[in-house]
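The structures come next, written out as structure tokens.
Common to both upcoming complexes is chain A, partnered first by chain B, then by chain C.
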Partner chain A sequence: MDLRHTFRRDRNLTRWLFVLPAMLVVISLLIYPVFSTVANSFTNRTLIRPAYKFTGLTNYINILKDVEFHNAFFNTIVWTFFSLLGQVVIGFIGALCLNKVRGKIPRTIYRICMIIPWAFPSIAIALVWKWLLNGIYGFIPSMLSQLNLSEGMVQFLSTPHLVLPTLVFVNIWFGSPLIMVNTYAALQTIPQDQYEAAQIDGANAWQSFRAITIPHIKVVIGLLVVLRTIWVFNSFDIIYMMTAGGPASVSTTMSIYIYKLGWTSRMTGKASAAAVILLIFLLVLCAVYFLLLRRWEKEDL
Partner chain B sequence: MKGRSKLGPIFTHGFLIVMCVVSVFPLLWLLMSAFKSSAEMLANPTTIFPKQWTLENFETVLVTLKFTVNIRNSLIISLATTLIAITISTLAAYGIVRFFPKLGNAMTKLLITTYMFPAIMLVIPYGIIMARMGLTNTRFGLVMVYLSFSVPYAVWLLVGFFKTVPIGIEEAARIDGANKLQVFRVIVLPLVAPGMVATAIYTFINAWNEFLYAMILMSSSDKTTISVAVKTLEGADILNWGALMAACAVVVVPSIIFFCIIQNKITGGLSEGAVK
Partner chain C sequence: MKKSLSFLLVLVMLLGITAMVPAEQKELEGEITFWHSFTQGARMEAIQEAANKFMELNPKVTIKMETYSWGDFNTKWNAGLMTGDLPDISTAQGTGEVVEMVNAGVISPVPDLIDEIGRDRFSERALSDMTRDGNNYGVPYYSHAQVMWYRQDLLEANNLEVPTTWKEFYDAAIALTKDGVYGAAVSLSPNDLLGTRYLNFYVQSGGGSLLNDDLSPNLTSELAIEGIKFWLDVYKNCSPAETINYTVLDHATLYYQGLTAFDFNSGFMVSGVQNNRPDLVQYVKCALLPTMNEGDPAYGAETSHIPLVLWNNAKAPEAAKAFLAFLYQEDNYVRFLDAVPVGMLPALKDITTNEKFLANPTVEQFKEEIAIISEAISLGSAIGFEHGPSVQASYLTSQGIVEEMFQDIITNGTEVEVAAQRAQDKLTEIFDTMIN
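This part shows the complex of A and B:
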């Protein structure tokens, strides 16, 4: 405590040297680009012509009227909600089960096996699942057809109503381990004597789960949900590489929509406006989440 | 009561085994496909292990298609990103924990906020700036861009590790006449070294696995990373799944090995850095 005091009074420049490089990175690579995007969003800038002019809210109005935007927005909500729901449910049950396993060796084996999807680079996720689901030679459709569970080969990635659920499944496969590992780490911090005390008091398993487990880990899970929501909402790689938003636009999410505007149609201004809308939506979502979390944290104290 | 206590373990292990199989199977399938000949792959789409093991797919990818160039690019870019990011982040994390205890929380929150910025949004200004500075299609430019996601995350993880260093040790060194940099270098760094290694590996994996920025900002095939090269291969005229899976194996195996090494450390840092 004494030293912290000295440190704080020590107003020389050395302490700024420690944080300066990171501040430069954040300002030049994160803050500046955001302002630049906002500025571009009010122009008709393109990648083709160097000249551009201020067009006010035109981009925003055009986007909000665009049917493609409505479709992408709706798809993103579906994609995020179901991916997250699946990841949290499976990751949570996985963590509870893992926590029940006795013996260090089986626990480690389970754990290592289950985190493998998390380590997959997105290109490998996309290609291995495309190959597993391939409509002619794919393992899964061939299996389903051999076991007479489907008529012919199921075209998972080109049948419009199957595409988004398939992508969500792949995303759940990829994302559950992260939730599981973090929930498991949180479960380990719960003092065991609380459970013993509860048992002596005659509480059953469900009661101690509700009264001890849930309150202990809900803040960690809440934070994970916030971070994963952002991540899944913004994610681009898996969808782009598996379907590129197709067939037609049934799997086009906001990221894919912005990519198409900015790099396929080369309309930098319009793409920037769409990106700003995405960011605003995320900021609002996170504000709501953080308000909820703060309430939970207060309840704990 | 007795029936219940027997059912519990069955469900527990059953669930975990199913999860393990679902988790591991795509990796197994990827690796096995890489060792099968094209004829075998198309003839028996449901047999897992190759009847005849072959290296022809790896030969196609590494020799004929010269993916070694892209592997080298990926290695250079990921290593450079890791070195720069860890240097910057270690200094910052220590600075935040020790010298800005009050500002620290605000800084960490700012970093979490940057996590919210969509890559697809950032890539637009990056593209413009890099073109203006003549950095499009350069590894240096891509490394700079990679700092945008690696530095905030590394700082966040490292703050968690630095918080575990007791201030008393530093106090003693300061009383003995060491200056701030000496305390940092001689006392603190060795204590957080394991955390730093974990963070470095995590940074490396993320740079190694990155796709979007590389695809948009590195268009020439001899400069780009392995992920983008594999994606280009998929768009080739003749779709050779064996070669694709061999290429994927080259990308996925280092990532998984590194990940298994650090999996314990990363979570500790994540939940701690997140909650505090």
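This part shows the complex of A and C:
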């Protein structure tokens, strides 16, 4: 009896020993940063002064009262929604086209061409687009002007109502290939006999698409939307490199707002509070997404 | 008794002889991590050459160089405060950053190093800008000052004189805004300090300051409001709209490429034009900053002394100091200044007349400009340092608040007085949080 008990205890300990490295990695890379951010958010900690004190909810109250926070939050919603919408639509259409391309070589060429934007580092892409859109000597404004499609050089990156749509366009161009490749992979898994059966039953192309294609790929697209929502919501590099959130904060998103609070103003406590608010919002959003996905999966069963 | 006295005498003599024999110089050793912002080829090569020579002379010393752009440097060391990843020695962006470093308690005083190089060889003003509570915290490495740059050929082609007042400057800039050339660019990215710099020029020329005597920000004085309106007019009528989001490098490139007729910058303009449009170099000239009224005395609105600092973190401070002193040895120092002639002017007074320094063909070609910049150097200090070195002066330029104010007025049509008041309140909040 005792021997069996000891053996069971040893086996339990050994199990924990195997899990320990992974747990340490998770604690040091995930749990510690999150907890330290939450802890900092309740203090007046700054980047350059070692002394700090507990300030309760002051940072949260100040953040929620800050007009710039509201502006950044609104910009982030616009940026995320339209970027995602564009990426999903373009990526989906690209995948459908790719699925129709016959022949190994043309399909490979098409796939390579479509994946190019995703293959480049986002910093390089931001710099290239910044150069192409430059309002003094940029290729695109010059071309539009020479073709008499615009009066003078269009100021894509300094005209307030053009800045965010321009950035969204660049982000769509950059992110669509990921959606395309994954959707294409999902399309490949749809059994062809289902389409043949539908054809025999007299279904037209739209009916086949709605009744066969969509149900097969909606979970994949749903998961991609969840992932891309988090990435796009937090994305920093393209906006920072192209406009740094300006002019006059018209393209400031939450990640730029938090960066400026933390690194320019060096208010670690306040920046942490803004990051926690962002985290809570994303957790709620993801919970809604996952509930929807679960419902879809149940419907499929 | 005699014997004892003789013995004592001999002993004293022996000890005296021992003392006269020089102690064997202790060999330097250790690893020195040197953070600097000399990212351009020629400067990086010059500093690396000096480091290699030093390591050859001191085989037990290793110098590890890490380069960070001027923009990233501040972020890098601020992050290092949390992680402990800090250098042994480094450059600083200017005297303002030295005060920030002193405020954060991360750098050590170096009066002994200054004495070793020769205290009298530095300008008093440069040293005092790096002095807090009587301690020298930085060694000036090179100096430059803001002056007005213009294109001689464009002025001549339009029968214009070199402007001496702000009004003349504005009229000339308007007249030269044509044929694909802009009179002057006004760049306002909050990631840089150009908006603050330009506003400071105007306010200084009227005898004012962007800081009050108690070091609180002052953006709402009559002079400051007038200055904001002046630069808004220049932006609207003489500058490309795109520059609303331009940083220093984007901005200067416009002049380098012949796209702007006037610009305000240091002697770095010369190498910029040499590299981009060598055909225009002969027309590149400079003058002291315009004054408010004709006949007003000359002033220097912004002088920069780029310092070298020793960090508390230094594991081998003796070797680090020896290397810093080595950089000021004539050959090494002139070699470094030669990397960007006219851009980097000597912080050591005697080097200004040094034959090797003067032998550089660019220095020879631009000796008039060097004289003008040197005059501006002697007249000015860093932005906000007219009240002495302070952290507030540093935050005035590093937070992008003035630039955001300009952007707000241009983009959202906010009234100048309202935007100025908001910016002043924001700076006050930052000063209170970070300093008080």
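Definition applied: the second predicted complex is superposed on the first by the 280 of 301 C-alpha atoms of A that agree within 3 Å, B and C clash if a C-alpha of one lies under 4 Å from a C-alpha of the other, contacts with A are read in each partner's own complex, and residues count from 1 in each chain.
Following the convention adopted for this analysis, contacts are C-beta pairs under 8 Å (C-beta built on N, C-alpha and C of every residue); 3 or more make two chains touch, one makes a residue touch a chain.
All values reported here derive from a predicted model rather than from experimental measurement.
If you put the two complexes together on chain A, you find that chain B and chain C bump into each other. In the superposed model, A:L227 lies in contact with chain B only, and not with chain C. Applying the stated contact rule after C-alpha superposition, one finds that A:T58 touches neither chain B nor chain C. In the superposition on chain A, contact is made by A:S158 with chain C only, not with chain B. Of the two partner chains, chain C is the only one touched by A:R49; chain B is not. Once chain A of one complex is fitted onto chain A of the other, the partner contacts of A:Q194 are absent, as it touches neither chain B nor chain C. Once the two structures are superposed, chain B and chain C can be ranked by residues of chain A touched, with B on top. Applying the stated contact rule after C-alpha superposition, one finds that A:W263 touches each of chain B and chain C. Contacts of A:A248 after superposition: chain C is touched, whereas chain B is not reached. Residue contacts after overlaying the shared chain place A:N71 against neither chain B nor chain C. Working note: chain C versus chain B after chain A overlay, options 21-29, 75-83 or 129-137, clashing stretch identified as 75-83. On chain A, the patch touched by chain B and the patch touched by chain C overlap at residues 47, 134, 137, 263. Residues 8-9, 11-13, 15-16, 19-20, 22-24, 26-27, 29-30, 33, 41-42, 45-46, 87-89, 91-92, 94-96, 98-101, 107, 110-111, 114-129, 144-145, 147-148, 151-152, 155, 167, 170-171, 174, 179-181, 205, 208-209, 211-212, 216, 227, 230-231, 234, 241, 244-245, 248, 251-252, 255-256, 258-260, 263, 267-268, 270-271, 274-275 of chain B are the ones that touch chain A when the two sit in their complex.
Contact residues on chain A toward chain C in their complex (touch as defined above): 44, 46-49, 134-137, 155, 157-160, 243-250, 260, 263-267.
Across the complex, chain C meets chain A through its residues 75, 78-79, 81-82, 100, 103-104, 188-191, 240-242, 244-245, 254, 259, 398-400, 404, 407-408, 410-412, 430, 433-434.
Those residues of chain A that touch chain B in the shared complex are 2-4, 6-8, 14-19, 21-23, 25-26, 29-30, 32-34, 36-37, 40, 47, 90, 93-94, 97-98, 100-101, 110-124, 127-129, 131-132, 134, 137-139, 142-143, 146, 173, 176-177, 181-182, 184-186, 219-220, 223-224, 227, 230, 233-234, 236-237, 240-241, 254-255, 258-259, 262-263, 268, 271-272, 275-276, 278-279, 282-283, 286.
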